[in-house]
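Okay, structure first, notes after.
Labels A, B, C and D are assigned to the chains in the order they are written; within every chain, residues are numbered from 1.
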Amino acid sequence: MSPLDSDIAHLLAGSMVLLSFLLLYQDRMFALLNVFALHAYALACSVAWQAYLQRAPHLFITALIALLFKGVIIPLALRRIVVRLGIHRSIETVVSVGPTMLFGIALVGLSIVVMLPVTQAEGPFVREDLAFALSVLLLGFLMMVTRRNAVSQVIGFMSLENGLVLAASGARGMPLVVEISVGFSVLIAFIVIGIFLFRIRERFDTVDLQALDMSRGEAL
Amino acid sequence: MSYSDWLIQLAQTALVLGVAPLLSGVTRKIRARLLRRQGASVLQPYHDLLKLIRKEAVVAENASWLFRAAPYLIFATTWVAAALVPTFASGLPLGAVADIIVIVALLGTARFLLALAGLDVGTSFGGLGSSREMLFASLAEPAMLMAVFTLSLFAGSTQLSSISAYMLGPGAGINISLALALVALIIVSIGENARIPVDNPATHLELTMVHEAMILEYSGRHLAVLEAAAAVKLLLYLSLIACVFTPWGTAVAGAGVLAYAVGLLAWAMKLALLAFLLVLFETAIAKMRVFRVPEFLGIALMLGLLGTILLFVSRVSR
Amino acid sequence: MSQLAASGVGLLLALSVLGIFAARRTPGTRLIYAACAAVCAGLAGVALLRLLAPAGGLESVEIPIGLPLGRTFLGLDPLSAAFALIVNLAAAIVSGYAIGYGVHAREPQRVVPFYPAFIAGMNLVLLAQDAFSFLVGWELMSLASWALVLSEHRSPENRHAALVYLIMASGGALTLLLAFGLLAGPEGGYSFEAIRRVSASGVGPIVLLLALLGAGSKAGLVPLHAWLPLAHPAAPSHVSALMSGVMTKVAVYGFVRLVFDLAGPPAWWWSVPVLVIAAVTALLGVLYALMEHDLKRLLAYHTVENIGIIFIGLGLALAFEASGLRAAAALAFAAAIFHVFNHSLFKSLLFMGSGAVLNATGERDMERLGGLIKAMPATAVAFLVGCIAISALPPFNGFVSEWLTFQAILLSPQLPQWVPRLLVPAVGATLACSAALAAACFVKAFGMTFLGRPRTQAASSAAETDRCSQIAMLSLALLCLLAGILPGFVIDSLGAVTQMAVGARLAPQSGQAWLRIVPIDIHRSAYSGLLVFVMILLAAAATAFAVRRVASHALRRSAAWDCGFPDASPATQYTAGSFAQPIRRVFGSVVFRAREQLTMPRPGDTAVARLQVELRDTVWDALYTPIIRFVAATAERLNRMQFLTIRNYLTLVFAALVALLIIVGTWR
Amino acid sequence: MGQLALTALLCTPALGAVLLAAIPRYRLAAALNVTLCALTLSCAAALYRHRPQPSLYLLVDDLNTVFLFVGALVGFSTSVFSAGYIAHELQTRRLKARDLRFYHAMYQLLMFAMNLALVSNNIGLMWVAIELATLTTVMMVGIYRTNAALEAAWKYFILGSVGIALALFGTILVYLAAQEHLGQGMVAMAWDRLAVSSASFDPSLLNLAFVFLLLGYGTKVGLVPVHAWLPDAHAEGPTPISAVLSGLLLNVALFALLRFKLIIAGNPHVLAPGPMMVTMGFTSLLFAGFMLYRRRDIKRMFAYSSIEHMGIITLAFGLGGPLASFAGLLHMTMHSLTKSAIFFGVGYISQLEGTQRTADIRGLTHSQPLLGWLLVLGVVAIAGLPPFGIFTSEFLLVTSTFARSPWLAILLVAGLLIAFSALALRLQGLAFGDTERRHLLPAWRLAPMTLHLLLVAAAGVYLPAPVVAWFRHVAGQLG
């Protein structure tokens, strides 16, 4: 592997972290969807690059799934949901954007710290790739818990999952990556359908059938 | 242990019974004289008992068998307890089968039965007497036991004969613990024998009586037996104090007739002295309210405990 | 012999299964109880034989069931034999009582199956020679008795009692589990044999603490007694008799086994907490009992007092043993075990008596009883004997063990340490106080229940209980007397036990004149129950004879005199409450924070006068209420976790993830 | 023989799922369901004797035969219970015939997924199988389509998905650590290879991996603080599913965790996984103990009890050592049997009483004596009292812990007592008290419950030597 190859892989993975920050930063629904599409493209590129590097053609399928499913179908579906369900166009946050970004930076720092002791034998490529993947994962998770809006929570989950795919594709010769990415796509489809079915307007937890707080079995 | 010892024991057993009314008569006489009254004859208690015995017994309609059996049992236990205390001679056979704790406990049995008898008819006074008696006993009995502990630890034995012998011996001396025990024992004797300031045997004023309240329903021969038991009990306490704190003159089992005679005389004198002191104390003090009595008896308990602890701390027992 | 005993436990368990079917009909119920009585009698016989057998090693049988990683041993060593005798003797008689009494249960199918299991559990504890079967027996005993307490499950009070009982029993078992864990060590040598062999040093104090908590809670040591006065009275009376008279003894056994046998040689200071707790237990127990008007609860509280007395003996034995005063230790220990025996007799007797009363009148409240001595003469006699015996009055058995304890206390100046030397006299005073208060308590119990005039219709229409119950009660009364006048035999048969526990035995008593007992030295102290008894009988007979000869025979029945103010209403009698009032005033204001409120209408006003007495259970307030509050508050606070949103839950996951990552990142 | 049994173990439920999806008649479907489960059970039993050669994908060893057998047994008796239970649900029209096809198919699919997870030698395959198991249970939890059921299913789904993602990340990390030494591809995912050679893996990767695996699979196990789906999923789904969840799925997830613990513990340089498991286990125990007090729904209450027990088991395995591991293994087995038995009982109770609210249920020992007493026995068993097996395992656990780390043992005992008190409190309310109701329930319907409790009691009294040896062997492996 030439230094250039790894630099490109590096760049792509790094751009995903950057895009994750951009996702965190967005406070408009449609802008968020656009940035997420970008995130998915970056993932697709990264996975495709890995497929090329590792001479693993099956990874191209994963890249394709990422491109089509997450880059096109899901954003479109979510856009439709936003319109149909009349979801607020601005994103309601639990913690305002500033502190969230700071916390996100801390998380990236944490990912690097926990990856530091990974033995050099793995090579800087894998180590830093992993650190990026972990950062993407944690930032996605952070988004899930700091956004009240159902659509942005789904996007948080998907970006978390992008981190996973990034890590899986970076792990050389890892089997089942395609199956896993398919599996996750199904999962996400379920979630999106679920949101649509249950008409979840604002949050995951207001499955908007009725006031569900009363039907949690044990009314206060 | 020879037959003569048993004879002496028997004699002593009979003696306490015979002398008890006399002691009661003497105390009444002294009391009367101290109050500048003539007073009845010292033999008056004998007359009283005989009179009572001959009278018809009136028993409340709803009294049970316990009511009728109790006087005899009370009398018997008190008498047995009294027989265990050395009077004019010590080291007698019965001393070796029952110690001072047994004496305290036998008195407890008598008290238990008496309290039950007080409750049997189901009157308010009987219950009042029993209730108060058991309250006083709940302090007097441990106080007495503590005094007994002091003595036993001092002498290294719970046998009255051994204690008495030890007191005569060179090991004994003036000791603060002994003094405390003596005071405790005197307070307990006053309480247990229904004397002023704890109780007044001569009153039937309902709010003050304790002992009398329990035997209020008794009459005739039953009352006689109970009166006798009370007299024996007074004798017992005085003998006990005499035996332990003034052991001089007491004959030792197996000594000759002369020693017995000296012992008898010494005992009579000790009893008379103690009776005088008791009555003196009684006439000089006023009756207490019922709820002052626990404090009075509590003092005895504390003194007894203090005596024991001082002894525990000051010396190693034998 | 151990095989016989083990098969006895098996038989009882089989009876328990049979009981499920037999309980549908009265003869079946009777049959089960009779079989229990027979098996218990057999077990008692086996235990007695083992106890009297010349000293020999422990012959234990290995049972192929039990702990998967260990081996199960059942066997009778002198200690377990002594307790097995005590337990099964009382259990046999109580079962005999139940042949008559047990058929009155409202739902026998809730009693009969558990009764044999209860006895089997207790026997298993005694037979166990390894930690696992010990605890299985222990829990079986708790569980079966819990079910028995719940046999009258419709009353909320009983359910509350059962709950408190089950929780505290379980807590006790868990502490014992810890104790055994400590003794067994990390390799898990669970058999007593292995524990004795290894005897890790330094674990003793913790084992003592855990034994005090675990066995003490079962026995009813203050402040862990709270369940006892609730649970014992709630069960049917024959079960109450077993729980109070017998099960608490099994707890004492647990303590003795752990502290005297397994924990290694004691240090002198071990005795200090034991003595302090025991003295407090004795005094508080009797004060609680005095304040109680419910006959069965009174008896239950009084069990607490007796447990205190037993532990005073055990504490003294520890102090003596630690200082190498083996003879004194043997005396104190024998006193404790003797009291265990005595208490099993008279407490069972009293509970059976209260059962007979309950059955005849439907009342447990003494304020609603009275005058039963005429309607129930046999019960009254037996109950009276029990009352005198439990008040530690001669010539009955309670006095002997208390006398022995006093003798042991009087030996304590020999102790080299200052602390116990100062402590022991105070303990002695407490013991004396509690004995005197016990007498007051039982004057009240007997007097209010059996004497006076019937206070209610129920009390006046009572009838004597059945023959089986009478025989059982009278035979226990007889045993109380026999143990009181022939204590030497009991002490001699305890020789092997004291030898095992403290390494010495009392001098044999059987050769003494007058069948007296001489614990140390004839010049120090001696007691002949037989002679005292005979003398009292002779004196009473002589007096009665003399009076009969001299006195008038006339006897007239008339209305009560009552100082000239007889009142026809039985309500004017002294009641249990008024009887205890002086004692409540003297002791209760501190211990119970008793408060009396008197509403007295003005003269001429016809309004009712009211006296309200408020007693607080200070132990409950100080210890249990805070724990309950804490648990309730924590549960309440944590309960919000049930009602969070999904995002909140995700936040939890996220927080956990970040926390763990930080740990991993910072760990080097 | 072994290969055949293994194939049958996987194929029976898989084919059964297809078949049952096509059968509309309830009676036939229920009977077939029971038969298929019986077949699976016999396959699992056969695998104990005849082990097939391990492949890169599938592996039958001592550890998973325990789980397989227990799982198949619980699956079988639950199918028997389900036959009676679902019939009642049909009568009361809470479920419709078309739901049943779906239900039975999902049931078999769940069995398939769990068997696959247990026998898979490949950590990726195992992940996929657990994934599948989760999805099928999500479907079944929501089957009543009440608001509460949908809410529970949704919560389960979302939390489960996040858990899955975390577990996958952990799996990737383990693969990364392994591929350095074992080479790329499937071989670096084969558990038996990983376990053997984990000593040379990069410890920091393993550390990181374990964090993710613990939280990921821990979500499925129901460990606090990642437990939140569990109580609601148990409470709102059909009771047979609650039984299967508690008796089976939790174990499977725990099994996955154990597999990874074995890999990671094989490396001497890692941050020991034990303390982390102990901490989470203890937190679960204590938390669930307190949560039990305020439960008003009978099924949710026992769900919390499951959290409590999974906490104890995790703690035991985290503690390690032959005694504690043995205790953990035994506890897990006993908990499966007992908890499913309790859910059988609870299912009938809620049907008979027409409510799941604890406050409305009382005096069961009077209204239906057999059921009531069986419930009492069940709770007694789950509360850790003899003569039931959980007592044995708690005995071993507490005693062995106290000798090693006393404070932990004291905390453990405190936690056990807190949970016990809450259970006792609720049990008394349910089983005792005044009621005039009388229920009729055919005795045969209580057969699965009785069977389970008998097994648990028998295990508490006497565990046959071969079983002990087997467990010991496994415990030895678990370290």
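The rule is short, and it goes like this: a residue touches a chain if its C-beta (ideal position, glycine included) is under 8 Å from a C-beta of that chain, and two chains touch if they have at least 3 such contacts.
All figures in this text were calculated on a predicted structure; none of them were measured in a lab.
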item	value
Higher-contact pair (C-beta pairs counted), A-D versus B-C	B-C
Central chain (by mean CA position)	C
Between chain D and chain B, distance of the C-alpha-averaged centres to the nearest whole Å	77
Between chain A and chain D, centroid-to-centroid distance (C-alpha), Å	31
Inter-chain centre distance, chain B versus chain C - centres from mean C-alpha coordinates, in Å	35
Interchain centroid distance [CA atoms averaged], chain C/chain D, Å	43
Numbers and ranges of chain A residues touching at least 2 other chains	114, 141, 144, 204-205, 216, 218
Shared-contact residues (touching 2 or more other chains) in chain D	154-155, 158, 162, 204, 208
For chain C, residues that touch 2 or more chains besides their own	642, 646, 650, 657, 661, 664
Chain contact graph, described as a line, ring, star, complete graph or other shape	other
Touching residues (chain side chain D, partner chain A) in the complex	124-125, 128, 131, 146-148, 150-152, 154-155, 157-158, 161-162, 164-165, 168-169, 172-173, 175-176, 179-180, 183-186, 188-189, 202, 204-205, 208, 232, 235-236, 295-297, 300
Residues of chain D defined as touching chain C within the complex	154-155, 158-159, 162-163, 166, 204, 207-208, 211-212, 214-215, 219, 225-226, 228-229, 231, 271, 276, 287, 290-291, 293-294, 321, 323, 326, 330, 363, 365-366, 380, 383, 385-387, 391-392, 394-396, 398-404, 406, 409-410, 413, 416-418, 420-422, 424-425, 428, 432-434, 461-463, 467-468, 471-472
Chain B-facing residues of chain C, complex	370-371, 373-374, 377, 384, 387-388, 391-394, 399, 403, 406-407, 409-414, 418, 421-422, 424-426, 428-429, 432-433, 435-437, 439-440, 442-444, 446-448, 451-453, 514, 516, 522-528, 531-532, 535-540, 543-544, 547, 550-552, 554-563, 566-567, 570, 572-575, 578-583, 585-586
In the complex with chain C, residue positions of chain B that touch it	53-62, 64-66, 72-73, 75-77, 79-80, 83, 94, 96-99, 101-102, 105-106, 108-109, 111-112, 115-116, 119-128, 130-132, 134-135, 137-142, 145-146, 149, 152-153, 156-159, 162, 204, 206, 216-217, 219-221, 224-225, 290-291, 294, 301, 304-305, 308-309, 311-313, 315-317
Touch list for chain C against partner chain A, complex	642-643, 645-647, 650-651, 654, 657-658, 661-662, 664-666
